[in-house]
Amino acid sequence: MEPKQLRALLRQVRAGRLPVAAAMERLAELPYAELGFAKVDHHRRLRTGFAEVIFGTGKNVADTVAIAERALAHAPAVLATRLSDAQVSALSRRFPGALHNERARIVRIGRAPRPAYRGTVTVVSAGTSDIPVAEEARETLAAFGGRAKPCYDVGVAGLHRLLHRLPELRRAAAIIAVAGMEGALPSVLAGLVPCPVIAVPTSIGYGASFGGLAALLAMLNSCAAGVTVVNIDNGFGAAMAALRMLRD
Amino acid sequence: MEPKQLRALLRQVRAGRLPVAAAMERLAELPYAELGFAKVDHHRRLRTGFAEVIFGTGKNVADTVAIAERALAHAPAVLATRLSDAQVSALSRRFPGALHNERARIVRIGRAPRPAYRGTVTVVSAGTSDIPVAEEARETLAAFGGRAKPCYDVGVAGLHRLLHRLPELRRAAAIIAVAGMEGALPSVLAGLVPCPVIAVPTSIGYGASFGGLAALLAMLNSCAAGVTVVNIDNGFGAAMAALRMLRD
Amino acid sequence: MEPKQLRALLRQVRAGRLPVAAAMERLAELPYAELGFAKVDHHRRLRTGFAEVIFGTGKNVADTVAIAERALAHAPAVLATRLSDAQVSALSRRFPGALHNERARIVRIGRAPRPAYRGTVTVVSAGTSDIPVAEEARETLAAFGGRAKPCYDVGVAGLHRLLHRLPELRRAAAIIAVAGMEGALPSVLAGLVPCPVIAVPTSIGYGASFGGLAALLAMLNSCAAGVTVVNIDNGFGAAMAALRMLRD
Amino acid sequence: MEPKQLRALLRQVRAGRLPVAAAMERLAELPYAELGFAKVDHHRRLRTGFAEVIFGTGKNVADTVAIAERALAHAPAVLATRLSDAQVSALSRRFPGALHNERARIVRIGRAPRPAYRGTVTVVSAGTSDIPVAEEARETLAAFGGRAKPCYDVGVAGLHRLLHRLPELRRAAAIIAVAGMEGALPSVLAGLVPCPVIAVPTSIGYGASFGGLAALLAMLNSCAAGVTVVNIDNGFGAAMAALRMLRD
Amino acid sequence: MEPKQLRALLRQVRAGRLPVAAAMERLAELPYAELGFAKVDHHRRLRTGFAEVIFGTGKNVADTVAIAERALAHAPAVLATRLSDAQVSALSRRFPGALHNERARIVRIGRAPRPAYRGTVTVVSAGTSDIPVAEEARETLAAFGGRAKPCYDVGVAGLHRLLHRLPELRRAAAIIAVAGMEGALPSVLAGLVPCPVIAVPTSIGYGASFGGLAALLAMLNSCAAGVTVVNIDNGFGAAMAALRMLRD
Amino acid sequence: MEPKQLRALLRQVRAGRLPVAAAMERLAELPYAELGFAKVDHHRRLRTGFAEVIFGTGKNVADTVAIAERALAHAPAVLATRLSDAQVSALSRRFPGALHNERARIVRIGRAPRPAYRGTVTVVSAGTSDIPVAEEARETLAAFGGRAKPCYDVGVAGLHRLLHRLPELRRAAAIIAVAGMEGALPSVLAGLVPCPVIAVPTSIGYGASFGGLAALLAMLNSCAAGVTVVNIDNGFGAAMAALRMLRD
Amino acid sequence: MEPKQLRALLRQVRAGRLPVAAAMERLAELPYAELGFAKVDHHRRLRTGFAEVIFGTGKNVADTVAIAERALAHAPAVLATRLSDAQVSALSRRFPGALHNERARIVRIGRAPRPAYRGTVTVVSAGTSDIPVAEEARETLAAFGGRAKPCYDVGVAGLHRLLHRLPELRRAAAIIAVAGMEGALPSVLAGLVPCPVIAVPTSIGYGASFGGLAALLAMLNSCAAGVTVVNIDNGFGAAMAALRMLRD
Amino acid sequence: MEPKQLRALLRQVRAGRLPVAAAMERLAELPYAELGFAKVDHHRRLRTGFAEVIFGTGKNVADTVAIAERALAHAPAVLATRLSDAQVSALSRRFPGALHNERARIVRIGRAPRPAYRGTVTVVSAGTSDIPVAEEARETLAAFGGRAKPCYDVGVAGLHRLLHRLPELRRAAAIIAVAGMEGALPSVLAGLVPCPVIAVPTSIGYGASFGGLAALLAMLNSCAAGVTVVNIDNGFGAAMAALRMLRD
C-alpha cells in the first residue's frame, strides 16, 4: 500500500465514510502488501506478459496438461520444460498450435512476447552434445522477450572455430556459455569479451566428469575474472539470469 | 588491424612506398592483433584507468612490493588483495598514501577512478563473519569505478532485519549476496528483487560446512530463478562480474 | 521383572511351592527382561496400538502381502510405506478397506488410532515436488495417533506466501519442514517460530543437488539455532521424531 | 499490532483524537511488526532472560570483550562459546565473576536464569574425547534455563556401561547423544528410550572419519526411528533444539 | 622347483644323463615356478577341491554357461555369484542338479567339499534387507568347506534381540557382520565377543547412505578395537577373509 | 599462409597484378590461418588419412548414420565408438563392409591406414571385465595407423601370469594399462618396464569403487614414477595419447 | 552368573539359609552380569595382563601422566599411543624405565607380557614413509603378547625386493600390510600368501591421495579375495585385529 | 640370467668344473634375476648416471643429510625435492657446491648428466603461482639428462599471450602443462600441438578448487584427445613421464 493510498484511507475513516471494520479488513493485508508488490513488479519485469513455467520432470501427463490449461486462463502463454515424449504428445494434441523444440525438450503454448530487453544474448555451446542445454536457454530467452542467437560447437580443442566467431561474440550483450567435459569454454571466452559470461556446466562427459561436477568446478575456478555460474544442465536458469542483467 | 589500415598498407605496397619485406613484418602481427585489440578494449571497459590487481596469497613481501612498484610505472593505481599482515606493513611503508581496508585484507595504492558504470551495487552479507568477503567485493568495485553500498548482517534467520532494508535493496542495479552456513540469503533476495543477484558462498561455518561447500551447493540449487554463483570467498570475482553487467 | 515379582518368586521358592528348576527357567530371562520392558514401553508410547511398519522397498509383492497378514494377526493396523504400484494393487485387493495415499506411496490397513499426543504438527513443503515426502510424514503421524496439518508450496523464493501462513505456523506444536533444492526453508522458519523445527531434505533438484546432498548440508548448517535434521526424503523418520517430542 | 490495538487506533482517528499523520507513522511499522513480534516472543521463550550469545571463533580479543560489554548493557547475562585461551583470559580479567568451563571453551558472564523448561536433558557422550562438545551442550542448557545432567563415556563398544545407566536414561525428557568415530550411540540409545534423541556427531576420529563425516552419515542413517541430527561438533545447536522441544 | 629337484637335475647333467638343452628348457620355468607354487598352495588351502568362482555381473548368458562348462572339466564344482534371473535359468537348465540360492543370487554346481577349516563362522545381519549379502557370504563359506551359521535381523535398534543371541555369538570362531544404514552392528558385536569380526557394509539405506558409504565409513571408524572391513555388499570377500583366518 | 605465399601475394600487389580489394579478401583469413595450419598439421600426423571419429553416446540412430555418410564424403574411413546395438545394426546395414568389434562397441567403416607410428603399443588388461575398454584402445590404435598387441587378464592378484609376459612387455614402445577395482596394475608394470605407461581406470568394481574413482585415484597416486592417467573407461583417449608419443 | 551359582543360590533360599532380601540384592546384578562376563573374558584373551591403552591425541600433558598413573595401579603395564613430544617427555620423566619408540610415537610403561598367541605377524610396509604406522602395529602386538616381525620398504614399484622376501612372508601367521599412495601392496601380497592380510592405508601421498582416501579405496577394492581393511593410519587397530585372529 | 650364461653354467656342471652345490647357489637367484635385470635396465635408461631421488617431505634434517651422503657413495649425483628451509640450509652447508632452486624447493648435489633423450620438453605454466610446480618438473628433467625450456604465465584468460608462443610450442618434443584453478590450459594446448601433452594440476586456487581437485577433474575430462594427467602438484612425476616418452 502506497503512502498516498494509506493517507486516503485514514482520511476516509476520519471523515466517517469508511467504517472501522472495513478499514481493518483492508489494513490486514498490509504486512505482506509490500512483499506482494515486489513480487508482482519483479514478475512484470522478468516475464513481460508470460505467466507460467511448468517443469515437466516428475509430473504425470494428465497433470501436465491440466496445469497448462489453468495457466492459460490467466496468462497469454506457457513454457513447459524438461518434457518426456509422452508429455510432449499430450500437450501437442491438446494445444495444436504449440511450438515444440525437440532437442530442448520444450513446448511453448501461446504467442511469444515482443522483445523487451537490451541487446542480444549469444548462446554458445562447446560440443554438439551440449546443444540441448543451450537450446533450453535459447527457448527460455525467446519465451520471455529476450533476443537470442546460437553459436554452437566452438569448443576450446578447436580454437580456430571459436576465434572465427570472435567478432560477433564481442558484440553480444551477454553470453551464455554451455560446456561439459573440462568446462574450459567460459574461461577462454571471458578473456576475449567485455560482456557478462554466464557459465552453464553440463553433465556431458565420461567417467570422472561425475555428472557434470568436473565442468562445474572448472567454471567456479575460472582464471578469467567475472565469470558467474549456474547449476549443472540449467539452461533455463542461465536465461533467467541473463534477463535480470538486460532489463532496462 | 582495422580494414582501413590494411587497405592503406596495401596501397603503399602497390605505390612502391612500402617494401614487401617491411609489409610482411607488419602483417606478421596480424594473427594476434585482433585478439590483442579485444584484450585492450576489454580492459579499458572493465578497468577504467586501473592497470593491475595483485593477489597477495603465496607471494613473499619483497616480491609484493616490487610488483606494485612496476605496476605503478604504467598504471594510475594498484589493488592488492588477500594480503598478510607483513605484506600490508611493507606496502604501507613503501606507499605512505595507500588506503588499507583491514577487514578486506586489501591495500589500494593510487587514486580511485571516477564512477564509470550504471547504477549502484548493493553488497549484502548474511552474518558478521561474512563481512571480510563482502568488503573485498566493495573495495574491488570502488577501485574499478563502480558504485557500492553495504547492507550487512541481514541473514535469513532474522527475516525482519532483511525486510526492513527491502526498499533500498529493490533500488539496486545489482546485488552481491555474501553468505556462509546454509547459504540461503541469495534465494530469499532473488525472490524479492528484479536485478541480478550474484551469490558468493563463504567458508564460514562449522563441521559439515566443509569449507563452504554447503553454501556453494545451496546457491547453485537456488529455487529462485536467475541467481548466479562465484567461487567460495571470491568477493573479488563477484565484483568483476557485477562490473561486466553494469558497463554501458 | 519388577522387584515385586522377583520377591514373590523367591518367597515361593522359600515356601517350597516353586521348584528350583522352574525358578531358574523363569530367571533365565532376567538379563534381557529389563531391555524388553524398555522396548515394549517405548513402543506403547510411540505407537499407541499400532504394531507394524512395512517398508516396501526391495520386497516382492507376495512377501509384502504375507508380512501384512502376519502383522494384522496381533496388531490393529499396518502402515506400508515406499510401495510400488504392484505392491499397492496387491495390498488393495487383499485388504479392500485399506486406505491408499498415492502421492505418499503409502497404504494403511486397519483403523487409525485416536490422537494421543500433544498439539498439532504442521508439515510444510517448499515446492510441489516435495509433497510426496511431506505426505509420507503426514500419513505416518496420522497412523500413530498424531495430529497433522499440511502447509504446502511456501518456498523461500515466494516469501509472501510463507509469511501469509505465519500465524498458523506459529501455533504449531512442532514443524516438519520439507525442502529440496537449496534447502533454505527450515532456516527461515526457525527464525519465525518458537517450536521444534525438524528439517527433511529431499532429493528434488537438478545437477549439483547431488541427490539431496545440497539441501542436507544446507539444513545441517542452518544459521537459525535449534534446527534438527533427518535423512534425505525421510518423511517417516521426521514424523517419528515429532512423536517423540510430543508425547506427554 | 494486535487487532485490538489496530481497532483502538482507527477509532481514535475517527474520533479525531489522533491526526492522520501520526496514525500513518505508527502504521508504518506494520509490515514488520508481526515478524518482530514473532522474533521477540521466540526469544523470550528460548532465552528466558538471556540476551546474547557470542561465538568466539574468528573474533579478536578486543572485539570479544567489547561485544560482551555492549550485550550486558541490556541483558542480564552473556554466553561466550568457542573461545581461545586469549579470549578466555581477557573476559575473565574484565568480568571477574565470570564462570569458565575449560573443556567446553565457554565463559558465562552474569547470573544463570531459573529453570524454565520441562524435565531434564541428559547429555550422553560416547568417549572422553567427545566431552568438550557435550559440555558445550550442557553449559548452553544451563545458561538458558534448562536442566542438564551428564552421562559420559558410555560408548557402544562397552555396552555394559551404557546398560548400567539405562534406568536414568529412560527418565530423561530429552537426550543429547554426542559421539565421534562410528557414531553408533544415538542408534542404540533410541532403541532403548522413548524420548527425543538429538544426535551430535563430533570430529573425533582418525583417518577415514573425515572430520566427523563418518559419524554424521551414520547418525542420519540411524536404523532407530526418530533420531534427529545437528551439525558436527555443534553442542550449542543441540541444546537450542532441546529447549525448543521442552518449552511448555 | 624344490631344492631337492634342482639338485637331482644338476646331478643328471653332471652324470651326462640329461643334455644341456633339455636342462635349460626345464630351468626356463624357474623364475615363475616359485610364484606358481605359492599360487597353487594358496588355492589348495583356500579352496580345497573347488576350482572356479564365476562372477555373473556383466557376462551374457551364453558365456556364463560356457565358462561353467569349461571349469567343470578340471574342477569338482563351480560357484557362480551375482547372477541375473536369465543366468540362473540357463545354468539350472544346463546343470539340472545345481543348487540355487535365490536371495544370494548364487548357483552352485557340483558337490560341496567336506569342512576343512577350524570352527564355525556366524554370519550376522542387522536387518532383513541385508540378508542377500549375508547369504552370499554363507554360500561362499559352504562352497569352500567352511562351516557357517546364520543369525539374522539383530540390528542395534532392538538390542534385546541381539543380546538374546549372545551366548551363541560368543562361541563363534569368526563373525561376519553385515549391516547397512548406520553400520553400527560390528562395533557393538566386537565389544561383546573375542573372535575376529569382519564387517560388511551394505548399500541398504535411504538418501544420505550414498550407496553404502555411510555404513562403510562407520565400520572403518569403529570404536571397538580390531574390527576389519571389506567392500560394500561384498559377502563373497568377507567369506574368503574368514577362510584365511580359520585355515589350520 | 606460408611466408612464401604471403611474399608472392604482396609482390603481385606491387606489380599491379592483384587489386587491393582482392588482396584484402585473401588476407582477411590471416588471423586464423596460422591456427588452421596447426590444426591440419596436427590432424595429418595424428590421423594419417582418417578423417572422423563419431562418439555414439547420446546420438539417435538416424543421425549416427547420416554423420557417417557425410564423413565418408571427404575421408577414407570412419571410426564410430560407444555404439548401442541399434546403432551397430543400422551402420552395418548401411555400410555392409564395415568392421564390427562387439566387445569394444566399435564399428569401423572404410579401410585401415598403413602403420605410421614407431613401435608397438601393448594393451594390457587386469581382468576379463576390463577387456571392452582395452579393445576400444586397440581398435582406435588400429584405425589411426598404430600397431597394437593385446595382453589380457594379467591382474596383480595372480602375479605369475603377469611375470610370465614380462619379456614381451619389456619390448613394447608404450603400454596402455587398463584396470578397475584397486587399479594396481600400472604401478606394478611401471616398475618393470622403461617405456611410457598410460593408465586407464575402469568403472569395473563393486560398492566402494564408486564408478571407477578408486582405480582412478590409485593410478594418480602410483608409487612408480612416470605413470600418466586418462579418464575412467577412456580407451579411446589412451590410444590417442599413445599415438602422440609414438609419431616420428 | 553361571547356572551352577544360580542353582546354589536358589537352593540356599529354599533351605532358608539365605534371606529373600539378600538374594534379591545379589540377583539385581544379573541383567549386566552376563555382559560383564563377556567383557572381562574378552579382555583377558585380547590383553593378557595388559590393562590400559591411552590414546595421546587431544589429551594435555598432565592428564596423560595422571591417567597412566591410575592405570598402573591395577594393571601391569600401559601402552600410550599417538603421543606428542611433550607427552613423551613427561611420561619418560615420570616413568624412567619406560620404553619409547620414536617413530611410532609410542611409550610403553611396565613389562611386556609373554607371547600368548599363535604364530608370528609380519608387518610389511610399502615405503619408508609408512614405517611409523607399521611400527605402531608392531609395538601394539608386542605390548599385548603377540610376536611381530618387520619387513619394510617392499613397495610394488620394486617388485624384486618384495619377491625376495616371499619365503618368509609365506610363513607368516598373519600379515599387516601398510601402504600409502596407490595402496597396491595388500593386493599383490594376498595373491602370494595363504594367511590373513590386514590392509592399513596411510595418509602418505601427494595431492590426489586426499589424506589416504586413495589407498583406502584401493584396498577395499582389492582384486585379491579375502583382504580386510582398517582405518587410515590405524596401525593399532590392525594389530588388535591380528590378535583376534591368532588367539587359540 | 641370459640364456648364454645359463648354457655356460650347465656346461661347466657337465664338465665337472662347477660343483653341484655352487651351481645351485648361483641358480638360487634366478627367480629374481630377470626382474632385477629389468629394474637395472630401466634405471639406466631413465636415470643415466643419476642414482637417487630424496623426497624431503616428512624427513628430519639429520636424516636428509645422511641419506644424501649415503647416496653419493655410489652415485654421481642426488636430487632432493620438496625441501623445507631447514633441509635446504643443512644440505647447502654440507655440500657447498650444491645447486639450489628456491622456487622449486629442490637441491641438486653433483654434476648434471649430459642430455640423453630426444628433443626438448617445454614446461608451460598457466599462472605465476604455478611456477614452483613447473620448476620442479624442469629441474627433474635437467637432473636426469632431459632438455627443458620454460614457457610461463600463458593462461587461457589471456589467449593472445599463449598464441604468441605457438610457434615454439609446436616445436616441442613433449609439453608439460602446469595449471591450477580451472585447469583449461592442457585442453587448449592439445588442440594446437601434435606432441604429447602431460597435464599437471596444481593446488593453486581459492575455495572450490578443493586443493586442486577442480583442475585435476578438468584435465581428466579434456575435450582434446590424447591428454594424460599426473597427480596434483606432481612436477617430478610429469618429468619422469616425459623421459619415458623421449628415450630413444
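For clarity, chains are labelled A, B, C, D, E, F, G and H in written order, and residue numbers in each chain start from 1.
Keep this in mind: a residue touches a chain if its C-beta (ideal position, glycine included) is under 8 Å from a C-beta of that chain, and two chains touch if they have at least 3 such contacts.
Quantities reported herein were computed from a predicted structural model and do not represent experimental measurements.
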Between chain C and chain F, which partner chains are common? A, B, E, G
Trace the shortest sequence of touching chains from chain E to chain H and report its length in steps. 1
When each of E-H, F-G or E-G is compared with A-B, the one sharing over half of the residue-numbered contact pairs turns out to be E-G
Could you tell me which pair, E-G or A-C, is linked by more C-beta pairs in contact? E-G
Dist(centroid_CA(chain C), centroid_CA(chain G)) in Å evaluates to 41
Centroid of chain A to centroid of chain H, CA atoms only: how many Å? 50
I need the residues of chain E touching at least two other chains; which ones are they? 31-32, 34-35, 39, 158-159, 163, 191-192, 205-210, 213, 216, 220-221, 225, 231-232
Name the touching chain pairs, please: which are they? A-B, A-C, A-D, A-F, A-H, B-C, B-D, B-F, B-H, C-D, C-E, C-G, D-E, D-G, E-F, E-G, E-H, F-G, F-H, G-H
In the complex of these two chains, what residues of chain H are touching chain A? 126-127, 155-159, 180-184, 187-188, 190-192, 205-210, 213-215, 217-225
Spell out the part of chain E that touches chain G in their complex, as residue ranges. 34-35, 38-39, 41-42, 45-46, 53, 163, 166, 170, 191-198, 216, 220-221, 225-232, 236-238, 240-241, 243-245, 247
Can you name the residues of chain F that touch chain A in the complex? 31-32, 35-36, 38-39, 57-58, 201, 203, 211-213, 216, 231-234
Within the complex, which stretch of chain E touches chain H? 3, 6-7, 10-11, 13-14, 16, 20, 23-24, 27, 30-35
Would you tell me which residues of chain C are touching chain A in their complex? 129, 158-160, 163-164, 204-210
